[in-house]
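Think of it as A, B and C in the order they're written, each chain with its own count starting at 1.
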């Protein structure tokens, strides 16, 4: 399972690189590997974590074909979602700061992971006519966005912009993402990891306890967003089996050129 | 009463046009007609509503001369305010999305209606030296802005900008309105309705239930703002009869060139 | 003690000028003088207060060498903090509007005072290569930022920008401060007080009671931020004596070229 996350040490900072080609889809294996890697990083008392990806998508989000293949097996579907929520919380509750290097597009669940990090650096697309994009496009693939995930976006871009993006399932381009604060930096291709590390290093000289207390308070709303009351798993499972959602998910899988088992 | 609202069908979208010349002042008749039209639109299961106006003002807000003419008749004054709050809630609680085409200035109660919609398109003024304006200028005419209405503005422009605008009763120009997010689009004269319809149409292809659930959660703070606890009618009525407010309202009516009965 | 605050009358507006050279450090004397001056201004029913400073710093914030000199005397340290919190609340709870003219840098406690005012005008630096700066840089000097102070910043710049600034202890330059709304106006050297007075004067024509009620509601979140539950003095005192904080504070004092008694 460890092959799904590559680990690199940068002094007392640690890079965790998602490595599940071709699009880092978040199946239960990748989610569990990320949880384990975050646990280990905190246990090893690193000063900070750099989360990175590879290829044209930072992460495509949850692995819809994988989940859809479970069919009526609610237990397996529940396990899949628990894995995803566990990965989200591992980042959101992290005692050490996490910066993320966003190389390529960041849709849906990939954006959820990014929103749980402390600092987001995105690379410009090498093709200006096809900018990188980021957003919570869940409604387009048939998934309602639960309150907890909406809060993650609201706290970053404000309730007004969040409402606009959520109800239309919008993916915004890299420049717009910078303007509205959805990414903190926009850098040339190849530089995202270095800039994210720079930011983490700038924190290392700060007095430790005051930094940690200030950070904990500044992110208390994020922890609150991830509380069970705002992420009702049972409701998400029930919604999964509604006709609108099933139709949209199957259409997505057909478009991806795969079929559920 | 139906003449106060003109209705036009655009496929499965419906346009409701305020038609009370010269300034669409919100008296009890127009408010009740708007409530009835919204109820009918939802009952007819339209996909969305376009709210529009005519002339130099989208709406001048509540009909102050009309309300002031009630004098000491608190029951009639209460009816007038109930009508306005009913219209506000008909938009804010709408189960279907509402886009609004803002042709001309949007002061006070007109701005309150606009803030309850999902999407705001404003037309540029045809005279660049006299831009269209929008804002909650209540304090300038002697009315305190209740918590519920302040929340409508805060959720769109943020608490800081809202505080600045509210305490000074500021009307902001069209460009500033776009910059702070108080309007979502700024378009050339004659195009507001078309752009608002475009936005509504972009929602029609989304899976229905996920869209509705996501939208409901994204607007839960708006519904909360309109709860009775934040819009205390008794307090609004009491405030109406205070000396500062009466003096300012009579000065407004004198300026409008009318006199209360 | 009155020499620490200079008072100037501008019609029915009153200017309170911090006058404790060289950097208006907020020791208990200056804090108490500010509290007394604010109480007097409200008692005299002025229409508004202009808070101003002198020299290269509006205020350097709390007087760390002074507080550190108290050593293990918790009672004296507590008195010092109570004075500062009293000054903060005198501004934040003021029944009359307060505008502030920010001439020079505005770090830490100076920024806290500024955030409690209604309107912030900053002067551009006369040296473009060395812009004026403003921010809550507490973590850099070893102090955790309590929830109440974090809220003051969040309500002005939003939770996302606030988190970024707080965890890094960032001081932002004058242009960035204007862009994110941390200051409301940026003016040429020598004009800050005049612009702040202009803003206060623009409020004088508004109907009094509607203005005051609207303002009170618009600032209710600020009053809530300053409630005891969000500014736990005992916790601040305990944190003062932790090793990380003591080391950082002594390093600061050494850098300032003074030593604690």
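We take it that a contact is a pair of C-beta atoms (placed from the backbone, for glycine too) under 8 Å apart; a residue touches a chain by one contact, two chains touch by 3 or more.
Predicted model, so just to flag it, every value in this text is computed and none were measured.
> Mapping chain-to-chain touches, which pattern fits: line, ring, star, complete or other?
Its topology is that of a complete graph.
> Please state whether the interface between chain A and chain C is built from the same residues or different ones, using more than half shared residue numbers as the mark of same.
On the two sides of the chain C and chain A interface, the residue numbers are mostly different, under half being shared.
> How far is the middle of chain A from the middle of chain C, if each middle is the mean of its Cα atoms, in Å?
38
> So which stretches of chain C touch two or more other chains?
Within chain C, residues 158 contact more than one other chain.
> Which stretch or stretches of chain B touch chain A in the complex?
Answer in residue numbers: 97, 118-119, 155-158, 181, 184, 202-203, 206-211, 213-215, 217-221.
> What residues on chain C touch chain A, complex-wise?
Those in contact with chain A are residues 138-140, 142-147, 150, 158-164, 166-169, 239, 242, 244-245, 247-248.
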